[in-house]
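Just passing along the structure, written as structure tokens.
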Amino acid sequence: MNSLEVSQLAYAYPDGTQALFGVDLSISRAERVALLGPNGAGKTTLVMHLNGILTAGHGTVTVAGTPVRKDTLKEVRQRVGLVFQDPDDQLFMPTVRDDVAFGPANAGVRGEELDRVVKGALERVGMLEAMDRPPHHLSFGQRRRVAVATVLAMEPEILVLDEPSSNLDPAARRELAEILRSLDVTVLMVTHDLPYALELCERSLILSDGVIAADGPTRELLADADLLARHRLELPYGFAIPAV
Amino acid sequence: MHVPDGFFNAVTSVSAGVVAAAGVAVCLRGARRELDDRTAPMAGLVAAFIFAVQMLNFPVAAGTSGHLMGGALAAILVGPYTGVLCMAVVLLVQSVFFADGGLTALGVNITIMGLVGVLVGWAVFRLVAGLARGKGGVTLAAFLSALISVPASAMVFTLLFSIGGTAPIEVSAVAAAMGGVHLLIGIGEGVITALTVGAVLAVRPDLVYGARGLAKPLVLRGAEGTTTVGAPEPAPVRGAGRPFLLGGIGVTLVLAGLVSFFASSSPDGLESVAESKGFLDRATDHVFSGWALADYGEVGGIPVGVAGIVGVGLVLLVAGGVAYAARSRDRIKV
Amino acid sequence: MGAGHHHQLYLPGGSVVHRLPPQCKLIAVFAFAVVVVATPRERFWAFAAYAVLLGVVAALARVPATYIVRRMVIEVPFVLFAFLIPVIGLGERVTVLGLSLSVPGLWAAWNILAKATLGVAASILLAATTEPRVILIGAQRLRLPSLLVQIAMFMLRYMDVIMDEMRRMRVARESRGFEARNFRHIPVIARSAGALFIRSYERGERVHLAMLSRGYSGQMPIIHDMSASVPQWGTALALPAVALAVLGLGL
């Protein structure tokens, strides 16, 4: 059974802007996949459908065999953990501790157990000392790490990250990669950081103008200069695909 | 118009509290039908917005300023039931967190600004929006509903004050002063409400409860070209609010009746106008720059209270006329 | 985001009053207000006693008197109204400083002023010693309908956003030389109101989406325990109890 299955997904924002024009994709269990594409391609919009935050205008989204519908939202959201592009959208409680506790507490975790989960998640992202600070006093990179912790604390089966490596310092970027590699979960990672995609994900998808334009091994996609140029993707200066 | 503690006697405060509690209870049930899982956030936003805009004073006339009350705006944006809840929460927060409006006067405040403001606002909105369709109609309806809901609230305040106020004041004098000032405030409220609703309608029509529908078809791009599929079902405007409509009209009628009764049945109405004129002139001199109240106070020997009602009636008539005209224009376009 | 930084009324501290559970304080203040309102207006010394009581609470909470006084401005419109009552009131009249004033009107003015002032001061004390978010938890514990609590909670959250946006927009307006002075400026203000609404909504919507994606289903989860013990109730209710005793003395 596939972890994620999207078919013919189309969506228009309430103001009439159509962002997705029939997206098809499927990701199997424990696979790590990168979602690449230029600004405005619809990556964030697509990701928001994966746990039912946006409701498909047309087409279907299926998570571990469960179709995303109004009556399955609770279950779907327990399975899919979503790290937002902007950590300020993700952090809303008065302290880091409360914020990380929010998800598990909604799932019914209480007391000592809650405390343990919260500390564990913060420890993994190296933010344990910031536990009692208000999120809006943290630096951007620190906020991003807390945002990742809020999702890790929910122990999702499918982890969806929208540009997780932006604004992280090199060490934090590497640490995040280690965390992702250590997890036995399905990962879909939106990124503009092509080397990061190559490092972490076997497979990549290119979303362009609201449809999937390419799907294949990351190494092959990144080696295709024409394909990259057509979709406004560029490898960093001086970066070459290392030989196997 | 946030009434503090000690303004109304105990019986009135308690009765108003009971009315407010009953009203809020009804709305709690009704609100579930109005919005989906976004009820609370959207209502919270509207509440916060009303709170913020109430701090934004706008000039009524040289030297005086009024502020938005927000009942009509809330009703239009989130529907009447949720609208009442928004107003109740705003008043609750203002009295508990900001000491604005007395705790024991909470019932009075919720009744006047929440129930009456939203009820009358929604009734007028539905009436006008029913006559004049389209975005223009919604904006016009927004303006008129806000314009009328403010003096209506002021009239209920006056009424309550005459029944259970702790000060001995001539009702018609209060009615005239309150009605006059609030009619002017109502214009400001109407403009702000109409422009806010208009602005939201232009960018996020999905956020205006009173105007739902209209989704464009979706386009699919595949290997074999482009196809068009139907848009998802737009959330229909539900029939909720009919009781509100009737209630609103009822309240308006009762108000008109009661106030005119008070105004005409007080034998010393004219005399008291003369007596209070000193006060009115002084208090409202800068508001009306001399002319407005003079006209308002005595229209060919008619006492102020009656003049006020006639004024409100005229506004209603004009509103109806404009709405009707707007409707015919829309028809011609079609 | 996050609550707390613009709610000017809250004065952080660790006093007895600060530490009382919110539900106790809410009930205490409400009961106090009821006693005050129920007091006959001729009972001058009772009002004085109430003021002293509030003074004691303020001292315990270490809320400076100037802090309370400065926040009393909220009352000003009604003070003005109260001053007008004797002028326009009916009934027997006396002449004070050349002004003809109504006697019942004077009584009414005193009644409103005294009660409103005490009510406002008590509310300020509550708000100064309790974070808004915590007051809401208290309200929830007092069985206020959860939909209302939620709306209030979101309202507090959005207030941050709106205040921020409002400040930014005002600065932008004023830096271009605009100042609201008369009727013609209403449209300008109103248009900013519309823009303000959409901007705040779209910022707030994303936060709401984040909450939904972490399993929020309409109820704030219980993260901290907030139950009140009997002694805590006792401490809090001392205020209205003493006030009631004062009222009872005169009967």
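Here the chain labels run A, B and C in written order, and each chain numbers its own residues starting at 1.
Methods note: contacts are C-beta pairs under 8 Å (C-beta built on N, C-alpha and C of every residue); 3 or more make two chains touch, one makes a residue touch a chain.
Bear in mind that the values here come from a model prediction, so they are computed numbers and not experimental data.
Compared on C-beta pairs in contact, A-B and B-C come out with B-C as the pair having more. Ranked by separation of Cα centres from chain B, the top chain is A. The distance from the centre of chain A to the centre of chain B, with each centre set as the mean of the Cα atoms, comes to 45 Å. A separation of 23 Å divides the Cα centre of chain B from that of chain C.
Residue positions of chain B with contacts to 2 or more other chains are 203-204, 207. Residue positions 157, 212, 217 of chain C are each in touch with at least two other chains.
Within the complex formed with chain B, the residues of chain C that make contact are 7, 9, 26, 29-30, 33-34, 36-38, 71, 74-75, 78, 84-85, 87-91, 102, 104-105, 108-109, 111-116, 118-124, 126-127, 132, 135, 145, 147-148, 150-159, 161-163, 166, 180-183, 185-187, 189-191, 193-198, 200-201, 204-205, 208, 212, 217-218. Chain contact summary for the complex, chain A toward chain B: residues 8, 10-12, 14-16, 18, 21-22, 55, 57-58, 209-211. Here chain B touches chain C in the complex through residues 3-7, 10, 13, 24, 28, 31, 37-45, 47-49, 51-53, 56-62, 85-86, 88-90, 92-93, 95-100, 102-104, 166-170, 173, 188, 191-192, 194-200, 203-204, 207, 276, 279, 283, going by the rule given at the top. Interface of chain B with chain A (complex): residues 203-207, 215-216, 218-222, 229, 231-232. Those residues of chain C whose C-beta lies close enough to touch chain A in the complex are 1-4, 133, 157, 206-207, 209-217, 221-223.
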